[in-house]
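Chain lettering (A, B, C and D) follows the sequence in which the chains are written, and residue indices restart at 1 in each chain.
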Amino acid sequence: MWTTLEQIFPYAIVFTIPLLITALGALFSERSGVVNIGLDGLMIVGSFMGAFVASRLQEQYPNDAWVLWVGLLAAMAAGMLFSLLHAFASINLSANQIISGTAINLIAGALTIFLARNMTGSGNIRISTFAPFEVPLLSSIPIIGDLFFTRTYAVTWFVLLILVISTIALYKTPFGMRLRACGEHPHAAEAAGVRVQSMRYVGVMISGAFSGLGGAAILMTYSGEFNGNVSGLGFLALASLIFGQWRPLGVLAATFFFGFASTVANVSQVIPSLAVIPPVVLKVFPYVVTLIALVIFSKSSNAPKAVGEPFDSGKR
Amino acid sequence: MNMIKSLAAVLLGLAAGALLMALTGHNPAEGYKFLFEGGLKNPERIGNTLATATPLILTGLSVAFAFRTGLFNIGAAGQMLFGGFCATAVGHLVDLPRAVLLLLMVLVGFLGGALWALIPGILKARYNVHEVVSTIMMNWIAYWTVFYAIPSYFKGGSETESRQLPANALFHENWLSELFQGSYVNLGFFIAIISVLITGFLINRTTLGYELKAVGFNRHAAEYAGIAVKRSIVMSMFISGGIAGLAGVAQYAGNASSIQIGILPTQGFDGIAVALLGANAPLGVLVSAIFFGLLYSGRGFMNAMTEIPPEIADSIIAIIIYFAATSILIDRLYRKYKSRRAANKKQGG
Amino acid sequence: GCGSKPEEGATGGAGGEAPKASFTVGMVTDAGTIDDKSFNQGTYEGIERANKDFGTGLKYQKPAGTTEAEYTKEIGNLYDAGYKFIVTPGFKFETAIFKAQEKYKDAKFVLIDGAPNSGEPDAKPVVADNTVSIFFAEQESGFLAGVATALQLKEGEAGFIGGIQIPPVQKFNWGFQQGLNYANENLDTKVEIKKDNVVYQGTFDNVAAGGQLASQMYSNGVKVIFAAAGGVGVGAIQEAVTRAKGGDEVWIVGVDVDQYNDGVYGDKSVVLTSAVKKIDQAAYDMIKAETEGKFPGGQTLTLDAKSDGVGLPAENPNLSEEVLKQVDEVLEKIKSGEITVSAEQGDLLP
Amino acid sequence: MDYVVEMEGIRKEFPGIVANDDITLQLQKGEIHALLGENGAGKSTLMSILFGMYQPDRGRIRVKGKEVRIANPNVANKLGIGMVHQHFKLVEPFTVTENIILGSETRKFGLFLDVKRAAKRVGELSKQYGLNVDPYAKIEEISVGMQQRVEILKMLYRDAEVLIFDEPTAVLTPQEILDLQGIMKNLTNEGKSIILITHKLKEIKAVADRCTVIRRGKTIGTVQVAETSRETMAEMMVGRSVSFKVDKKESHPGETVLEVSSLTVKNSKKVDAVKSFNLNICAGEIVGIAGVDGNGQTELIEAITGLHKAESGSVLLNGKPIEDLSIRQRNESGIGHIPEDRHKRGLVLDYTLEENMILEVYNRPPYSKNGLLKPGVMRKHAEHIIESFDVRSGSGGRSVVRSLSGGNQQKAIIGREVERDPDLLIAVQPTRGLDVGSIEYIHRRLVEQRDKGKAVLLVSLELDEILNLSDRIAVINNGELVGIVHAAETNEQELGLMMAGYGKEEGSA
């Protein structure tokens, strides 16, 4: 059992990371007061842009890792740009935030494939990915070393760094305080001189950038190929955000939980001790356990109070 | 007046779509000509538009009903799949005169979808579990349940879909197909229309609708009024899920004749957009679903007749939805403005 | 870029060089895109090639869903727009073509991987005069890949990852196992496949699961995985590349098309060989036949090793000369009927 | 004259209504200037303009003699103008300090919040003005009065010179009101100037120097408070004379309607909020419950109406036990309830008046039959209430209740409950936030109920109201009944002592 755990742990982490960063981005958006169910689409956009940039650069610099970093940045930029569509609709036009998010999902899947085909000749773009590595020293720590520091990807550490920075930014800086105020009580923020609409723009754009990064992270770690979808991970990220109660560490726990449970479910088919369980049980396991966990933890909800409400400074 | 405004909103969307066509080097006028011809040109195409709209009417209605009672049912896909699965099971296993069988399938489909939504309903009412998460989870549970149940019990010619339903258990109707010249429009469309009417009636005219809406608007006031709040939440989800279940019946025993595994029906998510575009009103949903049906159904023709590739056609539709959605605002603002004006006039005078 | 070109042909092969055929070719895709490295892409490539050679024009339609109604609708759209030679890849089109061949008598249909039927239980295939139904002997392709794998690796463990348990995928699997067994018995190799290492993931698009499954198998000592699983296979290849870069000796056997390039790292590739099924050729040949007035309407063709419809890729940089020679010998025996590859499970692993 | 703020000829039009019409207001340095007007007269609008939330259509604003354009609250803050809004603008999950520094944060290393330093400054300010606020407390955990002081601190923290209070006392307890008045005096002593919006003439009398009265968006005049009687000010405000004393005949109590004995109720934190409470109310009398806010009134009422389950004890209505009945059954057996929070409990704001008027009876004939609503009957019912309770709204029964002013919302609730003709009418804070005209009206209707032989249970934080309306007064402190007194035989001082927990001998009167 232990060796199995050891083996699947790094994969669970790799699977968690895109979910984590996407949910974290959504946290910024929702904390600023804007629901973003367009995460799936934004991830796809990031995946496309990451693949496009990286594949082009890899033609020239086939073995350079910096190429991938450029791809990641491009993916973040693309996600951010695309999220402006959502920001504009939900902040300037006070449109229904859910419908504009849904539209984002619809547009992204179709448009990126079209662009991919026009720009590269194929709707699928392959790139060469990051290579996993062992963290020196740390990987030799008993137990933890095997679980957390072997077969790690640079992206993982990058995302965890963002998580730390985000947590600090959210709770220890004026920016974070203002952002949270906009999601809780935009009128209070306004009265205190905070520019609510700008903050919400920032929130949505961070969400766009992080989702883009999430999509590119899938591409540059375990998939290696853009193909116009991210298998509904955006919705799972949204669920993790709520499950994680809109807190960075909660989101970390929730996404890791999903990552771990789905990885177990995925590989169970080739683990003899688990293979005896009917496959349907294994496949629904992550979702059922989540429901149970929600029942246990979700007595109180910490949803930002004003999330989803268009801000109208005249209204009281 | 209202119709003109909604139309204006949709026109804005179409204009944005035109812009995209022009930007990608295609002729918008031609594109739209074929888009609409594709959905309306002849009776068959009209029939297909209605058939495409049928499950959308029902999922849209399901989402809209939940919205009206303060719930966001993002799980219509799973409810539709499971409801459709239950109805399919009945269609395979039960042998009854056709009319009775079809009614039974409708009933069981409704109950299957309702059951699937009941769980999030109970979790919400009893444990305050956010319905968005729980319905997303239920989607995947439905996906996998059906995924394994179909090959085990109703295996068809291939592993990825169920056996075809016997003709007795299908909603296809010859006179309808003939009327629409071979279109696959079927009795499901009438189920949808009837559901729209019943739901509209339920929401606006009955004490049950009054209760459910009151709970949606203000839980505390509903409690004060003596309404059983928790039961109402469960009831709302139950009905919403049931309507989504009907979408499954219409889809799998009407538009199709078998269930495919390995996909969540896209109508579940489209239903959200349909509901919101229809302003969450049953009749609005009907119109907006038919509009969606027209777009989806005409798209292929536009694609075949012009150089616009399918992906651009998809994007154009998405952009139309986006702009139509955002410009609903125009309408809303205008109405608000007018009503306030009227109100204040009276108050002031 | 070059991507905008496909559509140009649709007006009827405006590209000057090619002669203009008297008909235009349309295709309806199955679930997935035309870049799926599988039957959609293969079919499309065949049509593209035919367009170049005969100026047939080309157009593909992407249905909104995968129901018969939606397929029928797109076929109708193509027909109405004047595309009267229609190619559809995948068994899911069986019932749609069954109806279309009746409804559009003046159109021609090519159904790949399936035979038109009414869809009723125990329905008999009905291939009308305006339709050709094409099957492939995937098991022979899998068999050759199995033999090649065993010969190249000599000994070790093999695994199989399938997408969904559909007949073509199963036949690949069974053929592959028979190939390994044949080599072990006759060619002095020792490449085993264990029950635990034969899995169907359950989807064709779960990339993450593909990688995780492959990783688990490799960690359990599997050296080569035959991945017949679409996007799941993409994940598996990706995992193999990552491991290979790290110095492990792991291999993938590709499917449907030559996947060598998908497994490239540095100047090597993890793709040992691929069990190929020449869909593009089939599509091309049918169009060609039509231009020559020899469309084999009403027939059901099974493309096998003998007809060169299945086999290994032309180039196999990862296989040694020696191995290739032996594989060729086996191929000859299949062609001559000395070896028959069963398309049934028999006593093989599921 | 030395004015800190001058607003001249201000006009503000909302679609269809002129909220401010040529209003002039001049604020002297160091004064408390009251702004008086009916509900909807335009007071909040005028102040929102001064605070930069709205732009006036016409008119000039001068601050310290210099003409200014206040484009947004930030500009107002910079000009030294601060505002405590009628509905507090505080972020609930934040701490006091965080709320105060929001928008003008103290930083360390240029990038990070320096909450510690800010909290220290907040603590000092709090001490300087005697506000007694814990800088680290979370808003959702402190009392309303404390929240208000946080709002005040927010202004002081930003060095506001001009402080605007929009109906600051509507939500405060009598003690808190006294405290606030002290604080305001402190502030003016320190040289700050205050604009005070209130409906309570008594408070204007107590603290204000001058008072500007507006009616329907127009300035009626500015008076010296010391030289003007309450009656005069009220008349200026509503345009007719208003009586403050409630006319009521002597009561003739009949049968016992409500009998509460040894009732114990736990609050949401599982602490006993009501302890072995005993109370009788007879037909034809008004019993007031006096007490400082948060001493168990809410729980007591909720236990009687069924919104909250009692721990032990019994509640009899007309002699029949009701403690095991559902809310609906209690409603049906004769309880009417005017709830404390009209927005939270009393109304479905997005329903129309017609719909709201059947909130508790929608499931009964004649309003519905066989599960179907009867729109005709609903309309008539609503029209009846609108007419007999003078509920003013834009489109009559079809108006969405959200669009009604607070006073009219309250009148609608009272109408709904009175029309149900309950044996026991429970009225909790029935006149909170309303202008004197509306208060007078509502008081009359309550007394009318009594005179019709109904039992009325009145809960109010305002001693005036309790003393004016009640026949008997039960005083509650810390969940316990301190004593019951006859209204005619007691006074504010005695009640005040009892509310603080000093018992009166006789158990019941």
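As a working rule, a residue touches a chain if its C-beta (ideal position, glycine included) is under 8 Å from a C-beta of that chain, and two chains touch if they have at least 3 such contacts.
Quick caveat, the model's predicted, so the values are computed rather than measured.
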Intersection of the contact lists for chain A and chain C:
B
Chain located farthest away, centre of chain A as origin (C-alpha):
D
Measure off the straight-line distance from the CA centroid of chain A to the CA centroid of chain D, and report it in whole Å.
46
Whole-Å gap separating chain A and chain B, where each centre is the average of the chain's CA atoms:
28
Centroid spacing, where centroids are CA-atom means, of chain C and chain D in whole angstrom
76
Residues touching two or more other chains, restricted to chain A: which are they?
113, 117, 279, 283
Any chance you could list the residues of chain C touching two or more other chains?
202
List, in ascending order, every residue of chain D touching at least 2 other chains.
none
So, with touch as defined above, which chain pairs make the list?
A-B, A-C, A-D, B-C, B-D
In the complex, chain A touches chain D at residues 168, 172-174, 177-178, 180-181, 184-185, 187-194, 302, 305, 313-314, 316
In the complex of these two chains, what residues of chain B are touching chain C?
38, 44, 48, 51-52, 147, 151, 156-161, 163-164, 182, 184, 251, 255-258, 260-263, 265-266, 296-297, 299-301, 303-305, 307, 309-311
Provide the residue numbers of chain B that touch chain A in the complex, in ascending order.
72, 74, 119, 123, 127-130, 132-134, 136-138, 140-141, 144-145, 147-149, 264, 269, 272-273, 276-277, 309-315, 317-319, 321-322, 325-329
Which residues of chain D touch chain B in their complex?
14-18, 40, 305, 307, 326-331, 337, 339, 344-351, 355, 359-360, 362-363, 368, 371-373, 392-395, 399, 403
Contact residues on chain C for chain A in the complex?
1-4, 33-37, 196-197, 199, 201-202, 205-209, 211-213, 215-217, 219-220, 231, 234-235, 237-239, 241-242, 245-246, 261-262, 264-266
